[in-house]
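You will see two complexes here that share chain A, one where it goes with chain B and one where it goes with chain C.
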Partner chain A sequence: MKCKRCRAKAEVQVRHHNAAFCRPCFILVFQRQVQRSIEKHRMFTAQEEILVAVSGGKDSLALWDALIELGYRTTGLHLALGIGEYSHVSTTKTVDFAHRRHLRLITVDLEAQGLAVPTLARFTKRPACATCGTTKRHEFDRMAFENGFKVLATGHNLDDEAARLLGNVLHWQVHYLAKQSPVLESTHERLARKVKPLYRVTEYETAVYAFFRGIDYVVDECPNSVGATQLMYKDTLNRLEAVMPGTKLTFVRDFLTSGQPAFSAAADGAPQSCDACGMPSFGTLCSYCRLRREVETKQLMWQPPRAASDGR
Partner chain B sequence: MLITLLPQRKQIEIGGRRRVADLLRHLGLLPGTVMVIRGDALVTDDEVIENDDTIEIRNVISGGS
Partner chain C sequence: MKCKRCRAKAEVQVRHHNAAFCRPCFILVFQRQVQRSIEKHRMFTAQEEILVAVSGGKDSLALWDALIELGYRTTGLHLALGIGEYSHVSTTKTVDFAHRRHLRLITVDLEAQGLAVPTLARFTKRPACATCGTTKRHEFDRMAFENGFKVLATGHNLDDEAARLLGNVLHWQVHYLAKQSPVLESTHERLARKVKPLYRVTEYETAVYAFFRGIDYVVDECPNSVGATQLMYKDTLNRLEAVMPGTKLTFVRDFLTSGQPAFSAAADGAPQSCDACGMPSFGTLCSYCRLRREVETKQLMWQPPRAASDGR
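Right after this comes the complex of A and B.
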């Protein structure tokens, strides 16, 4: 198999583009794709400072690497979620990545605040992924605001977007369909613009890019993701993709051009401000402050089990 | 050939030489969901893995909620 650009021996196939590339050409093509997405959707300019949410996984580190290589000004934001060894490894790899490249990284340690994801899930009896999602959204928004960033970039890739779209369509989540986009403009004085520069590259492509660039990312899966619905949607889409290459790209791309405008009327209005933290909210309290208060109340009421030798 | 599957950290041994595409089919893995790594390079579907090769098959699919 030969590289489509230079005819050298290919090292990677990109089925949905019916192409194969050698390592240097793939890196170039990947970065150009990211650049095209940024420009096409006017995500940000070279003059803006971008806050990049980095988990330690392949997608967010590949995004951070590509943005640096493309010449953008970036700062990383990492949340130490407190999910045991998985989180420790994730934080170590993120810190190492930033350190080796002399990049600025902001780390928020949720475990040190007593708000680790397992704690939130245990006291609220909600799924860990739900409490994790609420925490991430809030902390990303809060840290962007408190540090003066107007743009927040995440590593969501084509597979993430296609799986999310499939889930939203299967359940006709019109409010979510109305705002599923590579760019979410700010609707509140404390909200940064949210952008997804990797939305047109597959999970496979980001993994290959990370591998070619020598990025040491977390290969292990989050222990809470076992049986996650999103993985079932991804598997379904990958089965379709195997027999019809390009299905995921067409699904997402054509939704954005033809489908999404039809749902725009269902979009929520502008949020109010949370009475407790001042961040955007559609109620008196934002979902994170409600979650946090529930945990704090239950922690106060919680009594440790008596020791067996208590004798009373 | 000796195969290490990640992230499971599972090792399996398969006899003979096989094309990557056939090997993935044999293991029930979909194309585009794993990277096949030999040494420090990726191998494409049309390449042949020899009987005495050691390879890594690394899952690329991750997901949360």
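Right after this comes the complex of A and C.
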């Protein structure tokens, strides 16, 4: 097979675009797709400073790499979530990536603060993925605000967006459907604009890009994601994609043009401010402060029996 | 396992209702579900005469059987579509069912009129399923009108509705989403109200009901449906259902309460009347009359070469 752009020997096939590319052309085409998404949805300009949320996985590192190659001004933000060995490897890969390329990286160590995801899950008896989501959202927002960033970019790819959309549609979560978008404008003085420049490239394309660019990323999935509903939705969509290439892209793209306008009436209004931390909230306390207080209270309650059993 | 209602030995398990039933209780519960759908959506009353579209398959025969058992006044309507042996068997099973139970049955023989589905597909070069859909819609409407029926019932089950919904959602077909419903009120003087009393029971439940009731139906799928997109969507939903029982029912039920209201603005207005047949149409000619004219024109054009080759 030959490269669609330069007719050299192709190294990768992109079925949903009915095209194949050699390595340099694939990298160029990938970056152009990212650029096009940024421009089409007015995500940010070359003058703005972008805070890029980086987990150490292929998507966020590929995003960071592409943004730098496209000439954007970026700073990385990494959360050390305290999910055992998985988190340690993730942090190492992220720090290495930033160090080798002389990039600015902000790291928040949640484990050191006693707020590791397993701790939150254990004390609140909530699913790990729920506490992780609440933590990430809060810390991303807080760090963007405290460090003066107006734009926060995440590495969500087409597979992520399609799976999330399928989940929202299977349960007709109209509030979520109203705000699922590659760009979420700020609705609060402390909230940055949130953007997903990879929303039109598949997980496969991102993996190929990371490989071609020599990015060293965490290959393992998060141990908490085993059996996660999101992975099942991804698998479902991949089966449809195999029979009808382009299913995922059509699903997400046509949602934005045809589906979502119908749900605009279901959009939440602007949030208030959390009484505890001042960040956006739809109640007196934001969901993160509620989570944190629950953990702190239960940790206090749990100490006496532990001390007693130690004494026996 | 024991029957949820009477504690006798259960013969069938209904996972999405987390229940098992013995034969008599399953039949009763099935019929009650049908009754509840009819009442909930005000499909029809015991005073109305219902035209039931019957293909000879399990769904439509189970529907007809349940409606009779529930005491409704029904007449069957069967179209002999001319799809080879499959259609012949379907017609035989339908006629037998009506005959044995002394039911009124109207049969329209499309093959005898030279309008068999394979003929329509061959001459118009359209997919067989598309010509079949257009034909059925037209003939159902026409026969209901000409025979004075105000209600037309079809055997679409939960799997049909969920698969159709998934297809409409994957492509964000907002016009179709606006009108996918277990009840379509008449929007034209010649149009009957269309209802789907089985929309909350799965294909599996319908098959079990047909078996328990000793209904002799066509087991084979239509030969044209092999590889059909609809079957792929059913398979997709069945995989999700296996992991998360209730997925299909939630998807369809929550669509009606939460999803569909958002699409009401996309609903078509009332149709006009077809210049040729007087039935509802969104153009000068209805889609069936356009299809028919295309076939008749092409059949005429095709005769001379055939005659010439006969003479050689």
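As a convention for this text, the second predicted complex is superposed on the first by the 303 of 312 C-alpha atoms of A that agree within 3 Å, B and C clash if a C-alpha of one lies under 4 Å from a C-alpha of the other, contacts with A are read in each partner's own complex, and residues count from 1 in each chain.
The definition used in the following text is that a contact is a pair of C-beta atoms (placed from the backbone, for glycine too) under 8 Å apart; a residue touches a chain by one contact, two chains touch by 3 or more.
Since the model is a prediction, treat every value here as computed from it, not as a measurement.
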{"item": "Greater residue coverage of chain A in the superposed arrangement, chain B or chain C", "value": "B"}
{"item": "Touching partner for A:E221 - first (chain B), second (chain C), both, neither", "value": "first"}
{"item": "Contacts of A:W172 with chain B and chain C, given as first, second, both or neither", "value": "second"}
{"item": "Partner chain(s) touched by A:R239 [first = chain B, second = chain C, both, neither]", "value": "both"}
{"item": "Touching partner for A:T202 - first (chain B), second (chain C), both, neither", "value": "first"}
{"item": "Chain B versus chain C as contact partner of A:A267, first or second or both or neither", "value": "neither"}
{"item": "Touched partner set for A:L231, first chain B, second chain C, both or neither", "value": "first"}
{"item": "Partner chain(s) touched by A:A20 [first = chain B, second = chain C, both, neither]", "value": "first"}
{"item": "Shared chain A surface residues [contacts with chain B and with chain C]", "value": "229, 239"}
{"item": "Of all residues in chain A, those that touch chain B in their complex", "value": "1, 10-13, 15, 20, 57-59, 127, 129-130, 132-133, 159-160, 163, 202-204, 206-208, 211, 219-222, 224-225, 228-231, 234-235, 238-239, 241-242"}
{"item": "Parts of chain B lying in touch with chain A, wherever the complex brings them together", "value": "6-7, 30-33, 35, 37, 41-47, 58-65"}
{"item": "Footprint of chain A on chain C - complex, ascending", "value": "169-172, 174, 229, 232, 236, 239-240, 243-244, 247, 250-251, 254-255, 257-259, 262-263, 265-266"}
